[in-house]
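Two complexes come next, and they have one chain in common, chain A, joined by chain B in the first and chain C in the second.
So, the complex of A and B:
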C-alpha cells in the first residue's frame, strides 16, 4: 500500500478532477476534488456547504419544544436520534427524571432507526458497487423496519416520539405492537444473515471491497473519525457503552481490523443483530408506568451539551435555555467528523473506487450542511 | 421477372430493417422489466418505456447546445453511430453479399471499431458542467493546492478508458468472429453461410460452443453492460460521454444501443447458425429468438454481479481471450 502520509505539497500531481456539487453520480450535493496520477488518487478534497439551511439559526429564540421538533428535520435517516438528543439536552439542563418506560421506548426507536440506517447504508454501498440486485433486496428488507417505525411513530421518516419528560402517548407499545416488532425483528435478522452469507461468499464482491479505501487505526483516531467508521479500524469505542440509557442491556461492541470497505460493510451487518438483541431485551423488560413526567419547571440554564451514539457515530447537540427559549444551539453530526476520514480513505485508491471509499464512511452531507456555529452571548436583562 | 426480383430485394431489405428497428426498441425494456426487475423483486418500468417511449419523448424535447469544444460534431456522433450499426446490419443481409469483400468479417470488424471509436470522440468532446472546475484558481482558505495539475473533465477519463477498452476489452468478440472464418476457410459472409448450409451450424461443434460463449461475453463488453460497465457506470465517479446529450441526440443514443443489441445478436445468428436476417424467410423467427435470448441472458448475468474495475476486468478478459484462442485452434480440427 502506498504511503498516505507523504507530504502532499511535494508531490507532482498530473491531473485534478472535480466533481459536483451537483452530479448524477453523487446522491447528495457535495464537491470532490480528486488529484490523480494515472487514475490513482493521490489526494482528495471534499467540500460541503451548498445545502446549508441553518437549522441552528432558525432554532435561535424558539420555544424549546418547538425547536426540538425542528431538530427532527435535520436528517431523513436518523431523525429520531436528533430529536432524542435535543430532548436529552433539555432534560439534562432542567434535571428532569424521565420515566423508565419512556426511556425504554426511546431506546427501542433508536435501535430500530439504527437497523434502518445500516440497511440503507448497505443498500447504497451495493448500489455504488454496481450490484443493483443486492441493493434492491436490502431496500426490501429495510421496508420491514420502516413498517415497524411507522407503526410505532405514525410516520416513515419523522416519528416525533420523544418529548421533554418522556414520549408521546401514541408511541406507547401495546401487546399487538410488541408482537409485530418481535416478528419483524426475527424476519430481519434471518434475511440479513442470509444476505451476509451470500455477500461474503461472493469472490467478485470480495475482490471489489477488500483492501479498498483503507483507513488505519492511527489515522482514524488522528482524523477524529467516529461511529462504525472508527470501529471498522479496530477501535472499540461505542458511546452507547457510556450512556446510562443502555446500562441495563447486554450487547457487544463490534469491531473490525482492516479499516477498508469490507470492514465498514461487515461492521454494519454485524451491528444489526446487536441492535435486535438490545430491542428484544428492552421489550422483554419493558417496565409498566407513566410515559411522561410533567412535573418539571422551566429555568434558565447555561450551555448544556450532550452526546449520543447515532447510527453514523457521535452526535452532538448543545444549547442554553433562557425564558424557555433556545440560545446558541450547536449541532454536530457524525459525518462532519468523518469528512477527514473520507478524504484520507480516497488516497491510494483507483479513481474507480474513490466514490466507494467515500461511501464506506456512510456520509450524510445534507445533515452535515445544516450545522453552523452560533456564538452564544447571554442576553442582558430586558433584552429580547 | 428481373424487376420483380429487384422489387422483392428492396422490400426484403427495407422490411427486415424496419421490423428489426421496431423489435429492437423493446429489447432494453425486456432486459429491464422481465429480467432485472423480476430478479430484484420489483415491478420495473413498462416494457416499451426504456427503448421505445424514451426516444419518442426525447425527440420532442428542446435541443440544447452541449458544453463541448465542437458541439455540432458532438451532437451528430450518435447519429453517425446509428448509421454505422445500420451498415453492419445491412451487410448481414443476403441481398448485400454481392459486395464481395465488403460483405466480410473484416468489414464488420472495421465498422465495429468505428462504432467504438465514436465513443472515444463522445468522451473527448463532452465537457459536462457537472464536473467543471472554477474558472479561477481554487485558492480559498484551506483548499488543497496543486497549481501544476491539469484540470480535467470526468469525461476525458472516460475517453481514455474507452481507448483502453478498444485496445483490450474488445479482443474476445473479435476472436469469436474468427471461429467461423477458420471453420469455413473464408472471410466472406456468403461462404460462411454456404459452409453451414452444407455442414450444419458451427454452433453445434466444439469450437462453435466455446466461440459462442466468448462471443456472448464480447457482446456484453461491447454493450458496456454490467458488470463491464466500466466506462459509464453511475457506481463510478465517471458518468461518461453521454452526459451532455439531450433531445434528438439523446434519442439516437438510446436507439443506437438498442439496435446494436439487435445487430450483434443477428451477427451471431449469421456466423454460428448460418441464418441471415430476411423477413421473407421463416428462419427470421430464429433470428428474433436469438435477439431476445441474448438480452435475457445478459440481464441475468448483470443482475448478479457488481461492476468490474480494471482489477477484475483484465484477468476476466485475458481468460475469455484464451478461451477464444482455444476455440480458434479447435476450429482447425
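So, the complex of A and C:
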C-alpha cells in the first residue's frame, strides 16, 4: 500500500503491530499488520489465506446440481446468494426459462438475506464500537429475520432455496407464510427505524464514528471497492439496477457522501427499508404458476459468467459445463475486492480505531479465501 | 466438590476458535452465547477470547493446515481441567471439505478436530443449531466440575 500523503521520500516505520491469524479482536482468522507512528496508523496490510479450503477444486468434475449445493458452503452469511448466482450461471448457459413465481421467491429470499446480513453487520459494528446494548438489540431484531428464513427454507443458515430451473418445493410461499413474512417485516422496519433514531441522536456515538476511517470517492473507485462500501463514498452503483430479476420493482439506491464509519453504518440501516419495500412489492404481485421448469436438456457449454449483487457487493461465479459436469469454476466474492479499501481506510486512524476501520467495510474473510484458479481448456480445443 | 469446582461451576468460560469453516456455525454459536434469544449466560456460561481464562474450547470448521498450529497452541495454553467441543459437521467429520470426490483427501484440510486435539463432546449439524450448542456445552460440564 502507498502512503496517503504520497511522499517521494521513502519512509521507514519501525513500530509494527501484528495481529492474527487467530486473535481475540478479530472474529475470523486473518492477519493484519499495522505500521504505527505516534499511535497513528501509517500503513496497513491484510493477509488472507488461512481459511482456504478449495471449494473450486472440490467442485471440479462434480455434476452441476451437486456442485451448486456446494457453493452454499462457501459462506454462512450470504449462502443463498452464492447458490442463486451459481444456479443463474447454469441457467444462462443452458438457456432455461425460469417460471415467474420462482424468480419472485428467489428474490424474496435474497432480500431477506440482505436484511439479516446488514443487521449482523450493524450488531458486529456496534460490538466493535463498544456499545453492547445496541449490539444486543440488533441481534434480537435479527432473530426475527432468521425465523422467517428458517420458516421458508427449513434451516437457519443454509436454506438451499434455488435449484436449476426454479425453487425447491419446500420454499413455496403459501398464505400462512406470506402473512408471517409481512408481520415480521413490519416489526423489523419499526424496530430498525427506532434504532436508527436513537443511534443518530446519540452524540457520543456520533462523535466516535464521524470522520473515522475515511475512504474518498476516488480511492474507492481506484481500489475497486464494491457494494455498500462503494456507495458509502457517494458512487451510485448498484448491480440490482441492471439485473433483470429486479426490473419489476421500484426501489432507491442509497448513497452517503463521507465514506467514514458513520456513512457505512447508516447506509446499511437505510438499505433495510428498501429491501423491505422490494419484498412487499414482490409478495403483493406474487404470480401463480409452477415452481420449476423441468423442460431443459444438458448441453456442453463454454465458460459462462454471471454477476449478482450480494449483501456485500458484486459477486462473480463462472464455470463451463461438460457432460453435465463442472469445469474450471472461478468464484470472486465481494470482500476480495474490498480488501484494498479496508487497508486504505486504516491509514490515518488512531490505533484503537483500526479494527473499526476494517470492520466498517463488512469483511467476510471465510468467503474471500478463493486463491485457487483451475485452468480450463475445452476438450475440442485441446484436441486441435 | 472442592472450592475450585464450586467456584468454577458459577463461571464457566467458553472460548470459540474459528478454524476455517464457512462462518455459519461461528455466527450461530456467537448468537447462542451472545444474543438475548438463546442467552447462554443464564446457565452461568460466559464467552471469553482469552485462552488462559477459558475452561471450554468450542472449535468450528474443518481445521485447515494453516490453522493446525494455532489450534494446538490455544489448546495448550488453556489451563487444566479443560473440555473441547467440536461443533458442526466440519469439526466433527470434516464436512464437505474433507474428501474430494469420495476417498481423495483434500490437500488443504488437516482436520477433523479429533486428529489434532482430544474432543469431549460433538455437536452435529450444518449449521449447528443454537439449542444443540447449549446442550453440548452443558454436557461437557461434568468433566470440569468433577476434576477436583
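Here is the rule we use: the second predicted complex is superposed on the first by the 367 of 384 C-alpha atoms of A that agree within 3 Å, B and C clash if a C-alpha of one lies under 4 Å from a C-alpha of the other, contacts with A are read in each partner's own complex, and residues count from 1 in each chain.
FYI, a contact is a pair of C-beta atoms (placed from the backbone, for glycine too) under 8 Å apart; a residue touches a chain by one contact, two chains touch by 3 or more.
These numbers were taken from a predicted model, which means no experiment stands behind them.
Taken together in the superposed arrangement on chain A, chain B and chain C clash. Once the two complexes are laid over each other on the shared chain, residue contacts for A:79 go to chain C alone; chain B is not touched. Of the two partner chains placed by superposition, only chain B is touched by A:352; chain C is not.
In the superposed model, A:136 lies in contact with both chain B and chain C.
When the two complexes are overlaid on their common chain A, residue A:22 makes contact with chain B and with chain C alike. In the superposition on chain A, A:12 makes contact with chain B only, not with chain C. Once the two complexes are laid over each other on the shared chain, residue contacts for A:155 go to chain C alone; chain B is not touched. Contacts of A:62 after superposition: chain C is touched, whereas chain B is not reached.
In the superposed pair of complexes, A:34 makes contact with chain B only, with no contact to chain C. The intersection of chain A residues touching chain B with those touching chain C, taken from the two complexes, comprises 22, 24-25, 136, 140. Within the complex formed with chain A, the chain C residues making contact are 17-28, 30-31, 34-37, 49-50, 62, 64, 66-67, 70, 74, 95-97, 100-101, 106-109, 126-127, 129. The residues of chain B lying in touch with chain A in their complex are 36, 39-42, 130-133, 138, 143-146, 148-154, 157, 226-227, 229-230, 233-239, 243, 303-312.
Chain A contributes residues 8-9, 11-20, 22-25, 32-35, 39, 43, 45, 126-133, 136-137, 140, 204-205, 207-208, 350-356 to its touches with chain B in the complex.
By the touch rule above, chain A contacts chain C in their complex via residues 21-22, 24-25, 27-29, 49-55, 57-58, 61-62, 70, 73-77, 79, 120, 135-136, 139-140, 142-143, 155-158, 364, 366-367.
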